[in-house]
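Look for chain A in each of the two complexes below; its partner is chain B in the first and chain C in the second.
Let's look at the complex of A and B:
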């Protein structure tokens, strides 16, 4: 086996920005490389500025993004945020929690309540996991998504009580059916204000009368089961808060969250349903992350700091080895192409494309969210991924593409195909291709440039430009571009 | 020697909730007239069938097929504890899973049985962008075609010659021989499958010979695409199309009639096309919607309801009515909606077992009463 040379600082920075964000442009990577790796990790975890396209401007152009009723409105609104934010890790962690705590507009009908939930992920998602899990347990969208409004003293609905253990904290195999029941009892009375009216409107999918209104958490003590509960070996008159406390101190919780974070930020894990039966692909990494969880008093940001600075994250085998999610493909392509500086209907196409590739925002396929990994890729989604990225990077009306094109024209004019391809890859965020892949594109470019040489004047210029564009399009159509 | 050809299913999803009462119309029923003061379809407009029932005025060509014994009308179709959300109810129809949120599609699972190794990348062809959950299942390749004439990879590359060269480069850079590791191999295979599927499908319009004129409406191109791919003999067994929106909260009479005109006219051309090619006995059409609509009208439209109607159309169908039309009088309704009397999973069982010859039980997860609507239906 050939040993690859250690990654350069540029390659490592490009890796970090792909994982902790949606990939960097050449300028961003250069700038952060100068600042240094650990300083960049700190910068990403504590962004000095959290700016994105202002909501009032978005709403002036897209009335539906004020109402946030239907998925094209909510999904597109989030795409704006991901494409234009200067704090990409905040959006990446929000996407992470949306994947783990998957809540769908399909059932809740209105989108505003899930957008509020996502805002909570932004606020708490890099902080203390206990605060987050408590926030989730009081989140109106989650309560309605998992039917906790139907969980009453004396008439238990186990949906939330089960999923908080199975999907949101510990994973199956670490508690009993009895624990689920006791946990559910502790969450009786956790509901939303004016529940019957809002639940009926949700069920009947009707905006009438008075349109959609936000939901508020309500704790109804008169509907809470105040009896003693025995949960994971502890007994007492537990309410939801105590249950969350007990959950957070379990080693199983630390490992489960670590494995999810690993899956999202480090390397594709096995599909979640196999976790109880098969060990993590890197048990040592999971231990390091789980230790960071306890050492930092359950702080997710600290777990990530440990992760990004660790050898297993920076390892050669880790880089360019995880399959990008559809949102990473779409948002990454848009950011490379210069992003959005003004509202545009293009954002709806971006949102729909995520759905076509299998990751409809606010529309998870089930309560288990998206499995990810190879599940992202099928013949249909592959075609969408390739066509989307190559369409965006071939669109010279986008400022980032124009800029790349202009910067590459001098090289291309000299007829050096290899130099053109290498410069193109650098401009695509230092995209690394396998030798054979790169050579194929060089051969393609060489043939095109040779043909251009037979032309003159404007026709020659046009042929050279077309070659550059096709090289960019082919570069993002590669297998390598499918990986982060 | 005539080749024994395989049976093919064509699904037409009527998206948005097709109003059952104004689709198959109980126009002589007093309760119907009472419930629909503003948008009842009157005697002079309805297309009479039999038994006091008629069809929406937009469905003339369906009536012709019905008269020829080729249309089975599945009355009162639904599932327990109806859900009136479009998305959730559509999910339920797609996954045959009414009680919990399922993620595997009923047809995706059927395709898995028909072609377990995914040998033929066009066993299932969907005519829309994005994959309907009905077709989703692990390891099942599905081609999703927006427009058959412009379908393919790297469609953003300008110039036919340039694009062809780029595609041949694409094919080489996805070659498994130069992969490094399982993930790269998987990406390589999938990329090449996608390319192969596009190449296979792109041959269909060129092979197609037909004098049938399809109507000029947005749905017709989907069914024409189905005819083209089917007649190209590419081994496709399941086609998926959709049309709508039938979500007629307002202005229902005009909207529903227009949509049915589009669908019926397209169906008539499609059927004629198949007949002229001598291929009509291979194809079965299923039309369904996620729910019917509220019995009482709201002035100019109807709100979401439950209990609906599905149709099977084809040479191999035993035409006529299946099950009873649910009672319309107020006391018989469930929250103002028709009470379903026919679980859709029974209809799926008919189709899976007796049309596609696939075991139904693991897919619909249970045993449901069948309708036996096919000429060769088994017990």
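Let's look at the complex of A and C:
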């Protein structure tokens, strides 16, 4: 597969940073390798800094990223965060929960309420799952997304009650239709403030007269069903909090969340609708993760710590076993290329590119979010992925690209094509290519460098620079770059 | 309602003018500056969003809620804008508009016809990088907040360079991404020193006079002040942008009061609701002010429609009326102020 021994410390670190973040630059990988693997896991889970580009600066230049009404604004704002954050795992787990607890502007219209939901994921996403599920149940965007404002005492709407079991915690096959009904009764009265007007504005898709109004959770006790409910074998006058308690202690919940985490952080799983019928790719890993869930009192961060430090995560079969999501392609490319030290309209292009590749942020295709895995790749999306990475990493005006270019010039100048290609791959986050692919790029580089030798002065320098850029572009156009 | 807090300045809410109009027409979209002409006509620059480019224009209206039309559009041609920021009106009723992407100033005559466009990108004297605030001094020179060069430059109205003051830093007379600017009745120049969380005051020749404010959300503290205005009596009004409020001071910087906003429905809004019965009905039970469960002023403003949401610009007219322009609510609120 590769020219270097498998699973060196550097390769493992590169693997970890791709999964727990959006990939590392060569300098980051080297620095974390020196710090040690487990120390890096600790660092990622408890980052000393969570800074990213300040919102005041973003809002001043992109005024539409303050009211956050439309998708180009919301998606771009999140791209800024992902590209510039000092805490990439925090964004990766936010992206994870956005995928599992999908809500979309297609229905909710105003993006701000989903951005507020994402902030909740940032705050709770690596913590206790009960807190998160309760936060989700009180989240205005989720309540409106699943119509819980229409769930009244005596007039039950089962939408949220069904999805919290089917999509957000246990998965199909682990509860009955009666459980759904009883669960829904427990969430009666969970709505938002000023619901009639806010819901009407949403339905009419109107920002008139004065823009949208941010939503706020409201519990209406007078509309809550206080009767006894029997849910998953337990009976009582349950409200939503007790329902969440009961859900969180189910083994099915632990396995379901573990399988989602495995799919996002370890290796591509089957599409979720197939889970009730087909076993996990690695049942033993799921059990280890489920045990960590219970042993840590439902702590997601601890489940991830167990995962990242496990043999199954570090295994050769796991490295490069996931197809990058579009957001990983875009954000990973931008973190390598740099150029986001100050607001730039380029961010809107980055956001749109995610959509062209099939992952419009805040615009999941359904309540099930994105399936991921092989679903990410089609003829059209593959073209978008390759073109985007190639464009960004071929842009010498970007400081990260310029830095790589300058560092490779001495090697290229010596005419050693193999050394140039290997150094280029290292600068792309220690990208591992198959032997055949690597050799083709080496042959290309050798031919280009030989032609450059026939030139002199500025023409030779330009030819060498172009060779380096072409090597970088070819490297990110490979199948391997599409894998995490 | 009259706001009076150990204050010698009365501030009384008068009216709200505005309406969300993201594709042009009567109303505004994500406006960034406001200018009031001596005949009472009000000009509002709608910067609009990255994608809703028809929303970018200058709207003209008055306090009687008459809409007089709009001009300017998105683009790089003469009289067009990409990222417009600021407005100012000279003694001839000519309107000047800045664009911090194109680094140029555009002049329109009193009938809103294009006169000229000028500006050269750079950091040398006379060149500009990110013009974000405009004001005329008492000699008729145009002051341009050249915010990415962290300075204020003075030009003739047709763009000839005269002088400059300021540099990047935190010391007095230095700036950190300054934004709005105004000239007081005594000729002094006030600059919202945005990322230094203060307002600085200069003599007409650019000599430093004083500075006021520090980071925070208490009285006399600012969080990214975006603009400043001075009334005929010397009262000072600061758009305390990230704190989502306007702070009022007397001419000696003694804190008077703080405004959070109390917008009502403008006639434009009322007419819209009258034409959309479903929304009008749904609004009957609407509680404008709710008890919020967050301390974040930006989020509070998002949830309470009558509050300022990104109060980006303040202006005071000759009669002492205060205009507060809100980017995210596409409107301006007007207050009567009296010492």
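We take it that the second predicted complex is superposed on the first by the 477 of 484 C-alpha atoms of A that agree within 3 Å, B and C clash if a C-alpha of one lies under 4 Å from a C-alpha of the other, contacts with A are read in each partner's own complex, and residues count from 1 in each chain.
By our rule, contacts are C-beta pairs under 8 Å (C-beta built on N, C-alpha and C of every residue); 3 or more make two chains touch, one makes a residue touch a chain.
Predicted, not measured: the structure shown is a model, and the values here were computed from it.
Of the partners chain B and chain C, which touch A:479 in the superposed model: first, second, both, neither?
first
Which holds for A:8: it touches chain B only (first), chain C only (second), both, or neither?
In the superposition, A:8 contacts neither chain B nor chain C.
Report for A:106: first if it touches chain B alone, second if chain C alone, otherwise both or neither.
After superposing on A, A:106 lies in contact with chain B but is clear of chain C.
Should A:383 be classified as contacting the first partner (chain B), the second (chain C), both, or neither?
first
For A:447, select first, second, both or neither according to whether it touches chain B, chain C, the two together, or no partner.
first
If we overlay the two complexes on their shared chain A, which of chain B and chain C does A:436 touch? Say first, second, both or neither.
So A:436 only meets chain B here.
Which one hits more chain A residues, chain B or chain C?
With both complexes superposed on chain A, more residues of chain A are touched by B.
Under the stated touch criterion, which partner chain does A:206 make contact with: chain B (first), chain C (second), both, or neither?
In the superposed model, A:206 contacts both chain B and chain C.
Quick check on the output: what are the common chain A residues between the chain B footprint and the chain C footprint?
In the superposed arrangement, which is not itself an observed complex, chain A uses residues 204, 206 for both chain B and chain C.
Note which residues of chain A are touching chain C in the complex, please.
56, 59-64, 66-67, 69-70, 72-73, 76, 112, 116, 193-194, 196-197, 199-201, 204, 206-217, 345, 348
What does chain A use to touch chain B in their complex?
Checking each residue of chain A against chain B gives 105-107, 109, 202-206, 268, 321, 323, 352, 355-356, 358, 363, 365-368, 374-375, 377-384, 386-387, 390-391, 394-395, 434, 436-437, 440-441, 443-444, 447-448, 466, 469-470, 473-474, 477-479, 482-483.
Touching residues of chain B toward chain A in the complex: what are they?
83-88, 91, 101-103, 121, 126, 129-131, 133, 136, 138, 140-144, 153-159, 162, 165-166, 169-170, 172-174, 178-181, 183-184, 186-188, 190-191, 193-194, 197-198, 303-304
What part of chain C is in contact with chain A in the complex they form?
That would be residues 18-20, 22, 30, 32, 47-52, 83, 177, 179, 194-195, 224, 226, 241-242, 263, 265-266, 268-269, 272-273, 276, 278-279, 282-283, 285-287, 290, 292-293, 298-299, 302-305, 309-310, 327-331 of chain C.
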